[in-house]
Amino acid sequence: MSQAPYSTQELMIIATAREIANREVVFIGMRLPITAFGVATLTRAPDAIGLFEVGLARRQPALGTLQTMSDPLNQLGAAWASGLLQVMGTLPGGRVDAGFIGGAEIDRFGNVNSSYIGDWRKPKVKLPGSGGAADIAGMAKRMVVIMNHEKHRFVERVSYITSPGGLAGGDSRSRAGLPWGGVGAVITDRAILRPFGPERELHLASYHPGHSIADVCDHTGWNLKLLPDCAPTPEPTAAEIEALHRVDRDGFWR
Amino acid sequence: MSQAPYSTQELMIIATAREIANREVVFIGMRLPITAFGVATLTRAPDAIGLFEVGLARRQPALGTLQTMSDPLNQLGAAWASGLLQVMGTLPGGRVDAGFIGGAEIDRFGNVNSSYIGDWRKPKVKLPGSGGAADIAGMAKRMVVIMNHEKHRFVERVSYITSPGGLAGGDSRSRAGLPWGGVGAVITDRAILRPFGPERELHLASYHPGHSIADVCDHTGWNLKLLPDCAPTPEPTAAEIEALHRVDRDGFWR
Amino acid sequence: MSTKLTTLAEAVRTLVRDGDQVVLGAGLEQAIPFAAAHEIIRQGKRNLTSVAPISDMVGDMLIGAGCIAKVVGAWMGNVSAGLGHNYRRAVEQGLPHPIAIEDYSNFTLALALWAGAYGAPYVPVRTILGSDIMASNPKILKAEDPYTKTPIALIPPLRPDVAFLSVQRAAANGDSHVWGNLGVMQEAGMAAERVILLADQIVASEVIASDPNRVIVPGFRVAAVVHTPCGQHPSPLAGHWKRDGDFFTDYHRLSREPESFQAWLKEWVFEPGSPEGYLAKLGRRVEALRIREQALSVPANYGAS
Amino acid sequence: MSTKLTTLAEAVRTLVRDGDQVVLGAGLEQAIPFAAAHEIIRQGKRNLTSVAPISDMVGDMLIGAGCIAKVVGAWMGNVSAGLGHNYRRAVEQGLPHPIAIEDYSNFTLALALWAGAYGAPYVPVRTILGSDIMASNPKILKAEDPYTKTPIALIPPLRPDVAFLSVQRAAANGDSHVWGNLGVMQEAGMAAERVILLADQIVASEVIASDPNRVIVPGFRVAAVVHTPCGQHPSPLAGHWKRDGDFFTDYHRLSREPESFQAWLKEWVFEPGSPEGYLAKLGRRVEALRIREQALSVPANYGAS
């Protein structure tokens, strides 16, 4: 393994930024996706809009590292400061191209759990809950999940579906009444997974430099299949790295 | 008939002001009720709040004569400038004590028509429509109707119920699903009518100075019955007249 | 940053199609984008549906000019002067052609736009129970509240094709500030497929970004920004323009007969030819409407450090 | 004009009752009225229901202090530091006592408050179809949209007993200004029976009236106004106070065990005894959080003549 001029998290940020096309309206959560949004606005997506469920929209990320979406730095220079309903209402309104969420567990159809480990009636672990994740998963045109790739987190079936991906696969998502959306990508510290085939099961799309297909499969709790064009994740370009360094001026992600 | 030191409209304004108790939240339409709200805030109701369906709340009326609720004069010094939904939402929210409306026709149960004369499928006259009147009639804790008292306007049955009063009388209003509200008073240029008895039919509560019971009944299109304590409308007090002159500084209503 | 600035003629030509549902009166009695109505009439758009809780004379004018096939609303007339003569002629006599009416109350029309804006399948409501609006508008369904087993009315969503919004100031990127009573501007702007801003002033984007809470419809929902000083005349605009009451009264008198209405249209819509021509025709009258009093909002600080 | 100014102790004593549904986190991650939570703990209120989309450590603290019987919300933890230890202990081990959970997503909780605010019998929604929130919250009903015959979820209204709202400035009459992201402050304030403002600054009513569009919850909905400078500490307040990140981290560490949490409560809630005592204990730390940068909103003119 050569000494890469970027960290794994920097690679994840750049991979996330590549999921944002120009002029898209995207729901960004905290931390990694905010930085990715900044990289996107400096590279392929100068006119992208970032939304925050607390009630904000921005054209560029805040100047500095945020602890929360409501930090004064994130209010200053916002493009829109409003209520949760107005901003999150753009999701069922059909105006949101992509949304970025995390979670504690994900299954082979991309359903995400951030609520309860074990039976919700008597949980082993109480996680914080949905926040806006369920709404983003339900109504963004596509959702991008960002998680660390560990076998006990990438499971055959999550114990509680907080945020629907493909539900039971196939057309089960649309049969549940969700008119659009679903998983666009799952970006991990080892790989990128994408849904494929009639069942829309998550497949390995690419594995990061320094990782192998076998390594990724070993860390996945289901029998991970490969996309036909499965390949190494493209290295960050010089322009992407430069943009990332401009956004992450404190070097938080190095 | 003695020369009264006030006009009929001034008497109507003062009678309308008497319908507002202190701290009440009231929906005021244009013209006469706005002035009445001003008189109320200067007399019995210094902490009353006036709402406007365009999206405004005021603690005092604007300084000057308005053409519309949206005149810049009405925006200046408002207590709240917001949307129609937020302000009118206080009606179904159960926060509005009284609302003032007008109309082209009213019937003996206090239903008001401001939409169509004749069959709505092929109307003889197309009136402007509800505006916010239907919502106010439906969901203010009580509505006060202000109209000129003419026989062809005070009818047995309106041709179209824009704004429900007592509907068919008795409990028909609550059976229709309206959980509260109904007519508090009908204030005309001749008299004040109020609902009475189990049927909540409009009865004559008082007749204005210069008018007689017979005169009022002659101008009513149904067999108008008298409230047990029917009496002349109390004359404006000196304090009321003074307050009115302070509010109506241009003498619009003299 | 790409600019959304364009001309009114271009915006109406490219963004309004025959048959569209169009919102012109979202601010209710202020900020009515009259200039857009004039351009729609000049370009001869047809079979439009007018969507607004209250249509002051802007709706009446479009009906008389033959642009409107249907009115979706709660009130149409001439707020300070009386009934709308063209509206009455169309409904009562089918002149210049018959129009359909979809009746709402103000609140239920606002709810329909809210549902359209935020993707609600419908909104249940009680305010119009007992009203004949439930009878004359077949889209409003009677139902039972499954929680309380009491009667409710269901209001389906409205998603207009185009919303014209008059605002005090906008930047080229589509962000804008509007103040005073807001009517249904936010719901219409979030619900419409295409939003066209008529901006009294064009300002630097920093002016808008200095106060993001005053943004009602964010720029990413805006298709075009048009600089139309006093483009809401004769309606008022908080802090910028007084209402031209005489204009409404004159219109009321002249629209009483079809012939005099046509003369009015010629004088005030066709001959001026553009927002600039209209302003020029108003001449010194417009200066008397300009608000000079300064009653500035106490600023809010958005500093972060 | 009657004043609504009072002390926090008096407001909590007279306006919060055991068993009440209480909103404390309507601004989501800013403007969290921590001072009110401290007073609720000091007065030993019991069996409260916490209502909020997101409860940063304010909810965790109330649970640990034994004030909460039920959580109605979408997320509870420590936004910048991790899971909520008291929340976990209560749900997983019933310590200090078991609590019930009513699960929502952020958007559906906001809709429930919207419905409560504006008297909607319920709101139909699609965003949480397919989520197990539909299973674990029995109040959310599955239904069919009568217009499209597709599945929908019904969200019934929430009408909290009390909403505490932190605002930048308020007048004695209850009118106030708040800015930055607004979360569900408007919906909570319009839905709650009793609204208590925690105002960072008390200003003349003319300051508020200078900008009526910045009023989110009008004074007539407000029961009490309390002057609590920095009463939202350690959460931030746009333009006024930065976030005290270390305070969240310290709390996270100290709340890991019940004993150290009790010590934390004693040090930061009981011993300070009042908002003033708390500020005094923070001492110079609070000055480091004060925002000094001036980034003022460009004013809006409300002049009329």
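Letters A, B, C and D name the chains as they come in the text, with residue numbers starting at 1 for each one.
The working rule: contacts are C-beta pairs under 8 Å (C-beta built on N, C-alpha and C of every residue); 3 or more make two chains touch, one makes a residue touch a chain.
Here the structure is a predicted model, which means the values were calculated and not measured.
Set side by side, the interfaces A-D and A-C show unequal numbers of C-beta pairs in contact, with more at A-D. For the pair chain C and chain D, the distance between mean C-alpha positions equals 36 Å. The geometric centre of chain A is 28 Å away from that of chain D, both derived from CA atoms. Centroids of chain A and chain B (each the mean of its C-alpha atoms) stand 56 Å apart. Each chain gets a centre from the mean of its Cα atoms; for chain A and chain C, those two points are 39 Å apart.
Contact of a single residue of chain C with at least two other chains is seen at positions 119-120, 125-126, 150, 152, 179-180, 182, 186, 213, 238-239, 242, 291, 295, 302-305. Shown for chain B are the residues that touch two or more other chains, namely 56, 71-72, 75-76, 78, 81-82, 85, 89, 91-92, 139. Remark: the chains found to touch one another pair up as A-C, A-D, B-C, B-D, C-D. Chain B contributes residues 30, 52-56, 67-72, 74-76, 78, 81-85, 88-89, 91-92, 115-116, 120, 123-135, 137-139, 160-164, 167, 173, 176-179 to its touches with chain C in the complex.
Residues 25, 46-47, 49, 56-57, 59, 62, 71-73, 75-82, 85-86, 89-95, 139 of chain B are the ones that touch chain D when the two sit in their complex.
Residues of chain C touching chain B in their complex: 27-31, 53-54, 56, 73-77, 79-80, 83-84, 87-88, 91-92, 103-108, 110-111, 114, 125-133, 135-136, 150-152, 179-187, 235-239, 241-243, 245, 248, 291, 295. The part of chain D that touches chain C in the complex is made up of residues 119-127, 141, 143, 145-148, 150, 152, 154, 156, 168, 177, 179-180, 182, 207, 210-211, 213-214, 238-240, 242, 291-305.
Residue ranges on chain D touching chain B, taken from their complex, read 1-2, 116-120, 173, 175, 186, 190-191, 209, 212-213, 215, 218-221, 302-305.
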